[in-house]
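Should a chain be cited, it is by its letter among A, B, C and D, assigned in written order, with residues numbered from 1 in that chain.
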Amino acid sequence: MSTSHTPARIFMAPAPRAVGDIFTAGDLERLRALGELVIHEDGPVTDAVFAEQAAGATIIIGQFELPAERLAQLPALRVVFNVEGNFLPNIDYGYCFSHGIRVLNVSPVFAEPVAEVALAMAIDLGRGVSRSDRRFRDHTERYGLDANRDARSLFRQKVGFIGMGDLGKAILPLLAPFGCDILAYDPWLPAEYLTGLGCTAATLDQVLRQSGTVFVVAGATSQNQGFLGVEQFAAMQPGASLVLVSRAGVVDFEAMLDAAASGHIRVATDVFPMEPVPAEHRLRTVDNLLLSPHQAGAMDGALAAIGKLVVADAELVARGLAPVMCKVAQPESVTLFRSKPVEKS
Amino acid sequence: MSTSHTPARIFMAPAPRAVGDIFTAGDLERLRALGELVIHEDGPVTDAVFAEQAAGATIIIGQFELPAERLAQLPALRVVFNVEGNFLPNIDYGYCFSHGIRVLNVSPVFAEPVAEVALAMAIDLGRGVSRSDRRFRDHTERYGLDANRDARSLFRQKVGFIGMGDLGKAILPLLAPFGCDILAYDPWLPAEYLTGLGCTAATLDQVLRQSGTVFVVAGATSQNQGFLGVEQFAAMQPGASLVLVSRAGVVDFEAMLDAAASGHIRVATDVFPMEPVPAEHRLRTVDNLLLSPHQAGAMDGALAAIGKLVVADAELVARGLAPVMCKVAQPESVTLFRSKPVEKS
Amino acid sequence: MSTSHTPARIFMAPAPRAVGDIFTAGDLERLRALGELVIHEDGPVTDAVFAEQAAGATIIIGQFELPAERLAQLPALRVVFNVEGNFLPNIDYGYCFSHGIRVLNVSPVFAEPVAEVALAMAIDLGRGVSRSDRRFRDHTERYGLDANRDARSLFRQKVGFIGMGDLGKAILPLLAPFGCDILAYDPWLPAEYLTGLGCTAATLDQVLRQSGTVFVVAGATSQNQGFLGVEQFAAMQPGASLVLVSRAGVVDFEAMLDAAASGHIRVATDVFPMEPVPAEHRLRTVDNLLLSPHQAGAMDGALAAIGKLVVADAELVARGLAPVMCKVAQPESVTLFRSKPVEKS
Amino acid sequence: MSTSHTPARIFMAPAPRAVGDIFTAGDLERLRALGELVIHEDGPVTDAVFAEQAAGATIIIGQFELPAERLAQLPALRVVFNVEGNFLPNIDYGYCFSHGIRVLNVSPVFAEPVAEVALAMAIDLGRGVSRSDRRFRDHTERYGLDANRDARSLFRQKVGFIGMGDLGKAILPLLAPFGCDILAYDPWLPAEYLTGLGCTAATLDQVLRQSGTVFVVAGATSQNQGFLGVEQFAAMQPGASLVLVSRAGVVDFEAMLDAAASGHIRVATDVFPMEPVPAEHRLRTVDNLLLSPHQAGAMDGALAAIGKLVVADAELVARGLAPVMCKVAQPESVTLFRSKPVEKS
């Protein structure tokens, strides 16, 4: 089956990512095979750089500023690859939607590595894995049943999800062999959809009150800042586990630490309201807490996968076909997600 | 379908387990419904106790001494339930085999909880979960990619098993969603059997040299003491992980610690040659090591499951049917497994 | 999480489907709860009907004519639900794409029932199920091994797919327990995507030459009419099976019948170039052929599911969210698919 | 790990199976590597043949007569491989059990091919696959919805099992992707065991009354002849399906035909009380009936697998290890199963 097409013109300026971190020589070769490839890694994409190097682009790779005025200079543009995990406010989405320009991001590459860590965290909290290691090193370990007095197995547990997007869907198959009964709360998804995933649609309150483990995988939006707070943590079962692997912004972080410190719940978090966390921050000594320095997704393997995703979709777009690997910006949701870059202290 | 049978006579003396830890009131009710139930928890089963209370037993629950002389006094005996995870040298197995007496243990209850922890350990070693938590508490955490320079994902990894008994088979389904390529070495099992489980049969050397993660799930036998030593750990890939959850006796423990301390491999162990581990033991400060104080199997939930297994099989045996829940002693292997109780320091 | 929205105005004219076949009273209730619901079932949607009843519509359900002139009269329109399994040429897609109007169809409801039948067909051809039944009724049955001389099991077979869209993806999980090695040819999808589904990307020739069973699940496009012909069937292995469940247009139907009649391959087909098939057509007596009168998808259960899909997505759209249940028309592909209604003889 | 052992002496007389049908040259080579292999294919194993050729055997392959008197002449005998799918009354099992001789059969090779056909039969009955093919050939086919008025999908159906032995357990994974709710009735198995398989333990009556499809996979025993009769079929739901793939003896065959002929249920059967079925038998014209001439298991592939099973287990036994591939006769059940060879008309 052949599809006629004109050669692509690709402008790539992936800062703050380095070209070499996300594309292999082979990947770049495949891009060049589509037409012309212009790479800009030498400083920001100024208007001069843009005018000179992006002219005629059909494909853009990068998350530099793309307001309507710049987009209007690229009448042949078909797709913009944001090589980050979120849709950023760098581009005029409305212009793109009305002009048939696809905006894509590479969030799918992070789903697997984060899901893997989220599963390990859930078992760790339930079974006391890192706590026991810590005690061993403190000469306070207990053995066998004594170490397990508050242990909870994930097998056949009732597990809850807050959010059921790509990340939640990446965790579900990892849970499947544990035979869990899974509740899911996601205000953007109909019950029919959640049922199709093998979950039971639930309210937030049901998820909190009934689950032995709660996975918080909701992205931060303009509407859900801090929606998990004192009241929500209090609603959780004593000894239940909370695994936070999406965005710190969705929780009241201090309330979450309090809930762990009090022994009411156990918490694992990969995200923090401020990174790096200040040296003197109390969380470093809180018990019932598993601390992960925003490392669940950012693996070399994930970076390498970015290039593969972009190249595969670029090849499709160049042939006039729809992309299938990257995440596609949707008009209904893209302006809602506002992933504020983490504050640097 | 009815099966005629005479009432059972059950003698239960489960020390060192307490009856109340493994049987609920409902469980005991089901046992009593089979005939007569005599429970002895008040000290050892002396000859006097045995003569008086075990007489006429068709079912014995416990792991007290049962030499041929005692067994010969119980002509109606059909089954002995050892409520431990191993076949112990307390009983004359030969006598039982030639007299149609089933000897059972409850090892199946431990497979799931150990498998769960083994999976968490494998991810922990590969992704640095507990190490990062430790660094956080030491104010030395790094973030994102910096925390992940040596990270390895389990997804699509080549994974090896040393041993593929009940425990290995309980880990396999948990690995299934990770799409691993699985090598298995088990000298007691034919390649056809391992293939049927979705594994590739391999030599010990192949497992060690090719695997990113090696699960050691072989039971200790009279023949395999310390068979994983300096040479075997050296054969492993740099940065590979070893998860030891069966018996400390199968490894040269000091060599294993050396291999971790040197940074050649990463090790998680749930078992130790001496428990509790002496306070001054060097393992408490070794890096690349995840320490678990023999807690992978010994959960309350597992103890509760023991009672269910025993009752379900006792009901079958009382009806003249074969047991299906417990592990059945086999003449070919039972004398080979010699699970020495852990030395108390 | 709240989303503000104005009441919907829904215009429904689903002919040739009857409202009562696809919506329950409960479904209609849910639609009414979104705002206003106008149903037109009384003849075609003439311009007069359209002007009177569709005015102000935000949601349209049906596949009546919607050229740009009509669409231009509906400035509030957000979504058009085509309650058929294909995107039909009834609507000006370009207008919709540039005006932010979603066009949806309900093809997902047909994937499961068709996949189920496709699996049964594949086993039937390999194991001779319906052939043996036919022979029994002809008094020519053979027994046991004699009945199985040319039998082929699906277990661990090499299986090929031509096309890997929604239907192919619905068949994959049904094949999973058979441990097949799966080749997939789909010119619209990158190898990376097919690998992610657990398939090996292959050329058409590889699929044909190497597979014991070939599932033809490619939709008919303007480019692939009759692309499976004499040469392609000849390339298949002797005794291999072909299961055609998408569109008759993608095969040279007479060549396919010849390949079955000659005994070279076995064929199952749910689709025909002309329906009903003429009474005297030779296919009624061809051997190595399993005939299914376009019944794989058209179940009552699938019709009932249509209503659920439409209602769930209508509720999302009314809240300003993206639909997730129906198939969304994509600018790159919608004009390529031209599903010609079956010719009536 | 080495196990010391003396060379095996193997006596093979597999009639009515031919050596060449079940063993490849490579298989025989592996057997010869264990010690000495004596093959007798030239007529029955008379006492003279036995005395001359079986003397000193440690391993016997075949199902010729082995009463206690013969067994007593083979003091080194360790295992008898019955290369049939059932334990036959050819051997003195009691003698074997008390003398440490394993008796094995090869039933596991038949589980997969039978399960595959059972699944196809269940879909066929529910979706009318072979019926529609028959109608097509009779010029009475209907199309689309008209062909599907009584169609039932297996997806999310309530499905029942009568018996849950090796065959039932081979069907379960094939059903897994259909999301069925599975009831199982097996008087030999505890509810805990069935739960562990993902089934709900049920009474026979519950299975019959609640299931859309009933798989009859119970072996024939001395106790369950014809236990599914008029009353049981009447208890089934109108339009439900019955798939009989174990033994004809467990049903009242005429009552089953009546239930199908009346239109109350749909029936598929692979087994018959008399094979071949008499030419004039009414079943050849009964509707709602799918006839399979005892072909579900007897594939060439299954025969080839027999050799692999036997060789793998023979190698284990020769090394003093327990067999793991074949089915092992159990004292509690072997005398119960009395698989009468099918009557020849």
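Just so it is clear, contacts are C-beta pairs under 8 Å (C-beta built on N, C-alpha and C of every residue); 3 or more make two chains touch, one makes a residue touch a chain.
Remember, predicted model here, so these are calculated numbers, not experimental data.
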{"item": "Identity of the chain that, by mean CA position, is farthest from chain D", "value": "A"}
{"item": "Approximate Å spacing (C-alpha centroids) for the pair chain A, chain C", "value": "33"}
{"item": "Inter-chain centre distance, chain B versus chain C - centres from mean C-alpha coordinates, in Å", "value": "50"}
{"item": "Between chain A and chain B, centroid-to-centroid distance (C-alpha), Å", "value": "38"}
{"item": "Chains that touch, pairwise", "value": "A-B, A-C, B-D, C-D"}
{"item": "In the complex with chain D, residue positions of chain C that touch it", "value": "112-113, 116-117, 119-121, 123-124, 127-130, 132-137, 139, 141-145, 147-149, 151, 153-155, 173-174, 176-178, 275-277, 279, 283-285, 290-296, 298-301, 303"}
{"item": "Contact footprint of chain A on chain C as seen in their complex", "value": "1-3, 97-98, 100, 187-193, 221, 223-224, 227, 308-309, 312-313, 315-316, 320-322, 324-325, 330-333"}
